[in-house]
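Quick heads-up: structures coming right below.
In the two complexes that follow, chain A is the common piece, with chain B as its partner first and chain C second.
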Partner chain A sequence: MKHLTRRRILAAAPAVLAFGGPLLSARPARAAKKYGPGVTDTTIKIGNTCFYSGPASSYGTIGRAMAAYYKMVNEQGGVNGRKIEFISYDDAYSPPKTVEMTRKMVEEDHVLLDAGPLGTPTNSAIWHYMNQNKVPQLFVSTGASKWDDPKGHPWTIGWQPNYHGEGIIYANYILKQKPDAKIGVLYQDDDFGKDYLRGITDRVGTKGPAKVALAASYETTDATVDSQIIAIKAAGCDAFVNTAIPKFAAQAIKKAAQIEWKPIHVLSSIGQSVAVTLKPAGLENSVGIVTDFYLKDPTDPQWKDDAGYKWWVAFMGKYYPNGDKTDVNNVYGPSNAATVVQVLKQCGDELTRENVMRQAANLHNFQVPMLLPGITINTTPTDFAPVKQVRMARFSGQRWELFGPLLTGEIG
Partner chain B sequence: MQLFLQQVLAGLANGAIYAGMALALVMIFLAIDHLNFAQGEMATFSTFIAWQLLAWGCPYWITFVLVVAISFVGGIAIERVLFKPLHNADILANLVAFIALFSILNSADGYIWDYTIKTFPTPFGSKPLFGSVLIDAHEAGMLVVTAVLLGLLYLFFSGTRLGLAMRAAAHNPVSARLVGIRVGWMTALGWGIAAAIGAVSGMLIAPVVFLDPNMMFGVLLYGFAGAVLGGMTSPGGAVLGGFAVGVIENMAGTFVPYVGRDLKLTIALLVIVAVLMVRPAGIFGRTTVSRV
Partner chain C sequence: MTTPQQETVALGVAAPAARQAMRLQTRHWVLAGAIAVALVLPFVFQGFVVFQLTEVLIYGLAILGLNLMTGFNGQFSVGHGAFFGVGAYVTAIMMQRWNVPYYWTLPPAGIVCFVVGILFGLPALRLRGLYLALVTFAAAVALPQLLKFHGLEGWTGGVQGIVVNQPDVPAFLPIIDADQWLYLFTLAITLLMFWGASNLTGSRTGRAIMAIRDHEIAAAAMGINAPLYKTLTFGVSALYTGVAGALSALAVQFVAPDSFSLFVSINFLVGLILGGMGSLPGCLFGGLFVLYVPNIAESLSRGLAGVAYGVIMLLVIFVMPSGAAGFARYVGGLLARHREVELPAHRATPNAVARPAQRVEHQRAESAEND
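Our next item is the complex of A and B:
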């Protein structure tokens, strides 16, 4: 006989009613197990959307690294004896396509949950759909602060430190160096840029002595941000928070050097890649810039004897041999997937969508190998921000060097 | 005052970027009377070829000449293969072909060279010019090259037989054909020149904005704005229009309070709408009258 699932039992119900009988006796034995869509005694089907093509396809490796992690989990026996079936669709960073693919995975593939879908605009496009249909939108791979909204959107939960919290951390750092700093901010004129700006202004406040002297926005269609940098310098700023995407962040660093402007320069985690941002901007122009980290940077030699890093190298070697071992996205993927697996483990045999969200909001001191030492994942029914801590790092001219304690993005 | 000067010069530097693109747009418009949406992607593709040659160790100026030549031939090839068959087709068919070309080239860039940004060397160096922080050597070089390019085009169109033939073919194809000008080839030549200009502007822009498959996307919008402002039928006007858009954009962003910075593109485009309402052919454009 095939495995009994809730749906099969329901489908069989008329027959049972018609014949009275023997099948009914099977139900109490199965009562301990409660399954939602996509779950059987041997498998759990989960979905995902990622950018495997299109303008942002360099992030596509996140989805591949996630798949590699689930493959590893399956080879090691699965979650409570069930194999994970990971269905990842390409949305090409195009929100309408995300909607299409997500509906397909929910309505045709009947997945239990959507695990770590990538991108802010893409996740925004399915935000209401997932909450209306009560499908877990688990650990979305984006740093917007709006995912931490357990009341309004109880079926969506973030994962990484959010931009608003990072903005607060950057302002904290600047105020510690210079309590009367005049801060200039370069931000993208959309949700994610404004999240950063809001964090900074929330922390700096209006009373002084420090203030945000000039917040200059850019559009992704701008040719350069030279004009913005000139204006920020001219406003007399002695601190600069650079929250631009890599291309514009690099232009800003280069322009600041060219006009001989040397503020306290904070670069957001969006643009912190040495290869993608700092090298084009000029490593010599980038010395002394600070940023924040929560994952172990795979190019940082200080981790070479670290147990977590060694695990990651072995994992990459065996399950994702084509993956770039210098790309932090390949650290991100498995770390995010590990959190999904932890939730499924905690669900036990009650693999319903309701219980998935209950367990996602019930993580305590969960450790992931490639998170910085001391950072743990914690959630509660009123706290949907799993990773909250970061550490600051300063660029030496060759690499980022961590300094200072673990920080959280809270005011006060 | 320093702020004003810096913003004007930064605007001119951006303007030089837009002007190069505007010039290429006008070249094709003169030849075929349509706007080439794929112009930016053609330039990006040329720049990637240059990047590849440089990565293989080819010296800068040899690469420069080689890429301009390759782009010229490539432009002609595109016209012969893709657009000649569409010569008498509906404007919508042409439009679709432009968009197809856009997306083919953009995806090809990404497929071959991936999407991460790349640095591109400058032949002029990036030291401040004359020790001033106002403008650096590359920005100054860009202004000079744009001026030289414009001068060469002027000489070509007013002083050579081929240039005259091209103008004749564009102005009055029927009469041109009657006096023995091969109008089809003149069109192809227009494509070749536009592709070559695009290659030059791509190679000049890349050191500033960094090279990636979407490098020209925003630039094309501003370049189009510049071309419309100056006049779609006037190469000199297009260049001036490009510079004007760069400067207006920076002035609006810096000196218009509250809305200026967030809406600087909008303000630049509003200026253009205003110009078009007064002079639909653009400031330097020639008004075309067609008999109905």
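Our next item is the complex of A and C:
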């Protein structure tokens, strides 16, 4: 019923705007108050698309966690006195549906901006539309590398470290340990897998002495990746980048232990879950594997006294009690939403789409409770990659232990 | 649109010519009215609603393709999303890679799908019913992966898909915007193709196609070349759905493997059954249902959107067991009977006698099936 009421209010809003609009503009203009679509003296309307149904609906919790965060912001007085109306539509991970629902929120609901829309193909589908119509497509929830394109697509900005950058980071780590490493890569024959591989090969280059000796792909329909692991070992690799999803990442770790192959083993962020990957693979087989983090893993006991983690637990308890407190997606949602709120705060009373993009490209050392200590969000008009830093972590046999400095995915 | 004719022929009841003329006339008025409304719609609503209506036409056309094969010819397909995808990719590749104007991409999209359909139809000759459904299902599952395949990436853009430019409004129509133009363009194509389908199903060929559906052995015994017609129907069906896919690439302005998942095929099937097997206008109802009902379900309850969708679907099937077309026929029949009461008795009598007889025949047929 909550939804119904909210929706009814939202449905009525354009009518109110239509009647109130002329009255507002007839008033003497107060200094520096400039409103774009969806903004009044008391509200800011923002949109979003997420997968609440369909094949990828397990990610739907990101949208729900975002909604919970905006609810919290509103209860605490809103942004500069304005309440946020968060309209999130289901696109079922279908790009045509994303176009339909995005057009609905832009043309019928008149939202100021699209906040954290989820998915790579879905965001690709609205990429041109948003840039043609100059609607901010803020902090898209995807790890593809193409969103950092301020020149070609000045109305779209990414958020999380992208897979390509992570690939570079993995290669950097390996080359530091072993400048002449022969690297084997296991990757999914898919968008994110190829992005990782491209990052690694971009960094390693062709001149040597290090090289990518074998890049073996798998399909999600494969039964095992045993043969790929055997082939990578047989190619003489002494470093291994495991970018598989948890099921296959676990098989790879297990197989490597079985055939007594002990390379420098880097596990990508996709498969780094202790519960889903490392436990099935055998914790004793996983000792010494390294990976990278940018969010605090909610299942990691090392955060139990951390202020940011405590805030998150309290937030989840109060605003999203049904949410799974072991699901990193519920960390992702509010962290992304917090960045949107920061942009709106910086906008002050100039809540136009132009100013939203100016402020989105003007974030300096912004801190989010559930980002790793030291990681801050920074953007400039030529840098549309808000979260760039990660830290490496090594598996102790019990848990991931962070080590080394903050890293960015840059070559050289 | 020719169903009443066929019904009377099949049942061997000669309706009075005047009556039939009147019915035809009513039909023409209804059709003209519907086209007039369709022409006015884009000027009443704003951009995104026009986009939705364009999508309804596109889905309607795709469902018509499926209907030709499943509704009229009795061959089951759970994989028409594959043809939809192929059509969309032909248009996207021609426009973005080879700079072909958008309107010239539709015939090749149709032809490619026709050929693919024929190639698919040949092995399908050996398969029937559920087995054929399974093969088409395989096509729908395979297509997204094929589109991601390395070797084709130069054309398909792999997982990233292809962004398609919006068709420009022609210079002689400066007052309408791009959405309205695309709607009118889609409407013109849709009308043309529905007209074609209407002619096809009303022709000798159409009767042969339906005879195969009703009893293939009997049809063959009467001299119908069943393999030929079945293969051709498969091809034409794929052509229709392929052209719809091509139009969808223009409307959505983006194609990607994930746009053509198995759900697309399932949606077509849902639209077909709810619209009415073997009915042409029913396809458009199917298009409406496929586009709007998920939105309605979501607005009822976010958490239980799937349940709401299921309940709505059950209700629709409960109220209209033979689809929207069957429901319309039923209502039309009620109205006609209501009118007959007011007509002179000598005219009403033969029909009043004929109708119960028809019903008995239907019941018999049903009970025979149940046996």
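We take it that the second predicted complex is superposed on the first by the 370 of 412 C-alpha atoms of A that agree within 3 Å, B and C clash if a C-alpha of one lies under 4 Å from a C-alpha of the other, contacts with A are read in each partner's own complex, and residues count from 1 in each chain.
Criterion: contacts are C-beta pairs under 8 Å (C-beta built on N, C-alpha and C of every residue); 3 or more make two chains touch, one makes a residue touch a chain.
Keep in mind it's a predicted model, so treat the numbers as computed, not measured.
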| item | value |
| --- | --- |
| Touched partner set for A:246, first chain B, second chain C, both or neither | first |
| Which of chain B and chain C A:89 touches, first, second, both or neither | second |
| First (chain B), second (chain C), both or neither touched by A:100 | second |
| Which of chain B and chain C A:189 touches, first, second, both or neither | both |
| Partner chain(s) touched by A:125 [first = chain B, second = chain C, both, neither] | second |
| First (chain B), second (chain C), both or neither touched by A:291 | neither |
| Partner chain in contact with A:224 - chain B first, chain C second, else both or neither | first |
| First, second, both or neither for A:52, with chain B first and chain C second | second |
| Footprint overlap on chain A, comparing chain B with chain C | 55, 189, 219 |
| Residues of chain B defined as touching chain A within the complex | 2-3, 6-7, 10-11, 13-14, 17-18, 110, 114-119, 126, 128, 133, 136, 205, 208-210, 212-214, 217-219, 221-222, 249-250, 253-254, 261-262, 265 |
| Of chain C, residues touching chain A in the complex | 46-49, 51-52, 55, 145, 148, 158-161, 163, 248, 252-254, 256-259, 261, 263, 291, 294, 298-302, 305-306 |
| Chain A - residues contacting chain C, complex | 3-4, 7, 52-55, 89-90, 92-97, 99-100, 103-104, 106-108, 120-122, 124-125, 127-129, 146, 189-191, 194, 219 |
| Contact set on chain A toward chain B in their complex | 55-58, 189, 216-217, 219-224, 226-228, 230-231, 234, 246-247, 250-251, 258-260, 275-276, 279-280 |
